[in-house]
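Structures given as structure tokens follow.
Look for chain A in each of the two complexes below; its partner is chain B in the first and chain C in the second.
For the complex of A and B:
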């Protein structure tokens, strides 16, 4: 078996800024987004149905990833494949998994699992959680055993029995044989990504954006999980995550609510947009005030256009797509476009043409970019705390974002127009 | 010969985890150039050689990040540090930095004064 090296498995689709891990669509997201999105699915479907969907989505896309990585490093025996799965899980910043299982099942022991650990850090002192947080790790563990022993997708059930988010000392996942086999959905890989992107275009400030994005990509190529399988970079806990996981839980949850409570679809969509808003405001904001950013780019100016440009560079480096600034009028209007997004690739590959623009992350991201540009005093050492977020947005967001063009609807590019509410 | 005085203040820094990151504001920011050399003998090793930041990590997992172009110094506590102990740990780390720099400057002065 060859040595597993994360950086050699990562690549970007040229000029489209979509990222792949061993050919599987991947993207960097921090715990703010991860926790908010999982919570959104919980709120929409209830904890039991949500956990089922999140575990299933994790299983499906982890299975593709583990198979692809095993092939590349030539892991052949079950122990080798289990070892590769645990290594890749930790390298991507999801924590440490110890798998003690065979084709008849077994146990997965997790320590510092990203979701449970981050939830405990963020909310543990204020909220008592009643359901385990690590559906992603559970699905990943099940997929690892299925791949290692050549089992069919879904033949290993995974249930987290104890979780640090529920104030347990560790996370324990039971793996048991199951008859509830799952169908693997249609492919969403590099080929589909190439098929569902538009012609790449440049926007304003490219001379600023492109070198910064390149510098950030180079920096993140050396970032991998520490000895506990966590990644701390730019002052945030980062994961390299499977885009398919985010997409499937989002779009399947919307589909489920359309069936059971169609009157609530709008609320769910708002929350999915809010997850993008939370992501960009907190994570991009945190990156901008980090020492790494100051070293790479320099101290931050109170210049809204430059802040927007910086956000475009961050979005590209994290694998979110070729975000460009199409128009900018300070304090009035911001138009962002992209020829690529992990959301649109997935949606077109799995669902075809959408009736309405459903690129929720891009919509929320555009709105948050306008907030970072106009409402944060960058020379005043801002701190992106939950209190600051509440203070800024408790009365709503004084800007409006409307997606005017969408790859998911068949347009060649996606576009979001953000305007200040007068 | 009197030992050189080094002054620095501690201020909470942005972090997605409460009280884990702290800004160490050196009264003379140019001293940050000597910080790496001052800390290496104390059990720190460089964990990031990206060129635009220098990150030193101690065996106790606390980290010191230096931005060479601006002299900014950030302290990153080990994320395993219990929440109630974080402020105290940051203050202790600040004292270590100030002492290490003072010691390093004294030694440098002694070396340059020796015939």
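For the complex of A and C:
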């Protein structure tokens, strides 16, 4: 078996800034996004259905990833494949999984699992959690065992029995044989990504954006989980995550609510946008005030256009798409475009043409970019804490984001117009 | 504080940094006094003190150890807090941490005797349960700016309706309360 090296498995789609891990769409996201998105799915579907969906989505896309990585490193035996799965899980910043299972099932023991650990860190002192948080790890563990022993997708049920988010000392996942086989959804890989992107275009400040994006990609290529299997940087816990997981739980939840509670679709979509908003505000903000950023780019100016340009560079480096600045009028209007997004690729591949723009991350990100540009005093070295976020947004966001063009709707590019509410 | 005799008394209590009178059961600030230089939000402090006393009361009842005379003392890093129920109010004292406990008890007793004469005897009117549920949610939910949206998604009730919680019908109130319990990880709301 060859050595597993994360950086050699990662690549970007040329000029489109979509990222792949062993050919599987991947993107960097922080714990703020991960926790808020999972929480929104819980709010929409309730804990039981949500956990079922999140575990299933994790299983599906982890299965593709583990198979692809095993093939590349030539892992052939079940122990080798299980080892590869645990290595890749930790390298991507999801924590440590210890798998003790065979084709008849077994146990997965987790330590510092990203979701449970980060939830406990962020919310543990505020509220009591009554349901386990690590559906992603559960689905991943099930997929690892299925791949290792050549089992059909869904033949291994995974149930987290104890979770640090519920104040247990560790996370324990039971793996048991299941007759509830799952269908693998249609492919969403590099080929589909190439099919569902528009012609790449340049926007304002490209001379600033492109070299920074390249530098950040270089920087992140060396980033991998620490001894805990976590990536703690820029004031957040970062994961390299499977885009398919995010997409499937978001769009399947919306589809379910359209059927069962259509009056609640709007509020669900608002919360999905908020996931993008909280993510970009905290993670991008944290990156911008980090010593690493200062080393790469220099001190931050209180120049809104430059802050927007920096955000475009960060978005590209994290694999969110080729974000460009189409228009900018300080304190009034910001128009962002992209020829590619992990959301539109998935949606078009799985659902076809959408009736309305449903690129929630891009919408929330555009709104947050305008906030970072206009409402943060950068020379004052702000701390991107939950208190700071609450202080800025408890009265709502004084800007409005409207998606005016969308690849999911058949347009060649996606566009979000952000305007200040007068 | 409007009563000058009380205010003068408080000024003379050594080590006393602030006093908050919370009207129960709504946990609303009734009166407050802060020594010059303190910049607390009286409304926030009052509501949390009220909730704390309520939770303490329920916990002691569960232990069959509750009595009307109970007093909560909290020894924080740089302050000493004393909370006490007085008829329909909770009175919270904030002292310097260095204040001797015996002196603190003495001053608390003296001030409470004065307050007993000054505080109104009429029970404050209880506001609609929906309002109190909404306030409780906004006070304790993480990411409070999205709390009503989350409750709307969980309950199936529109956000606009939740913004007027006093108008909720009884079955909506049940759904709203259940969603708030779920968001906060509570079995029931003791409001």
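Definition applied: the second predicted complex is superposed on the first by the 421 of 422 C-alpha atoms of A that agree within 3 Å, B and C clash if a C-alpha of one lies under 4 Å from a C-alpha of the other, contacts with A are read in each partner's own complex, and residues count from 1 in each chain.
Following the convention adopted for this analysis, a residue touches a chain if its C-beta (ideal position, glycine included) is under 8 Å from a C-beta of that chain, and two chains touch if they have at least 3 such contacts.
Because the structure is predicted, anything quoted here is derived from the model rather than measured.
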item: Which of chain B and chain C A:127 touches, first, second, both or neither; value: second
item: Which of chain B and chain C A:203 touches, first, second, both or neither; value: neither
item: Chain B versus chain C as contact partner of A:315, first or second or both or neither; value: neither
item: Overlap of chain C and chain B interfaces on chain A (superposed complexes); value: 122
item: For the chain B and chain A complex, residues of the former touching the latter; value: 11-18, 21, 23, 48, 50, 52-53, 65-70, 72, 74, 76, 79, 83
item: Complex interface listing, chain A residues touching chain B; value: 30-32, 121-122, 125, 215, 219, 222, 230, 232, 235-237, 282-283, 285-286, 289-292, 294-296, 298-299, 381-384
item: Of all residues in chain C, those that touch chain A in their complex; value: 140-146, 149-150, 152-154, 156, 158-159, 182-186
item: Chain C-facing residues of chain A, complex; value: 36, 39-40, 43-44, 46, 122-123, 126-130, 261, 263-264, 267-268, 270-271, 274, 278, 386, 390, 393-396
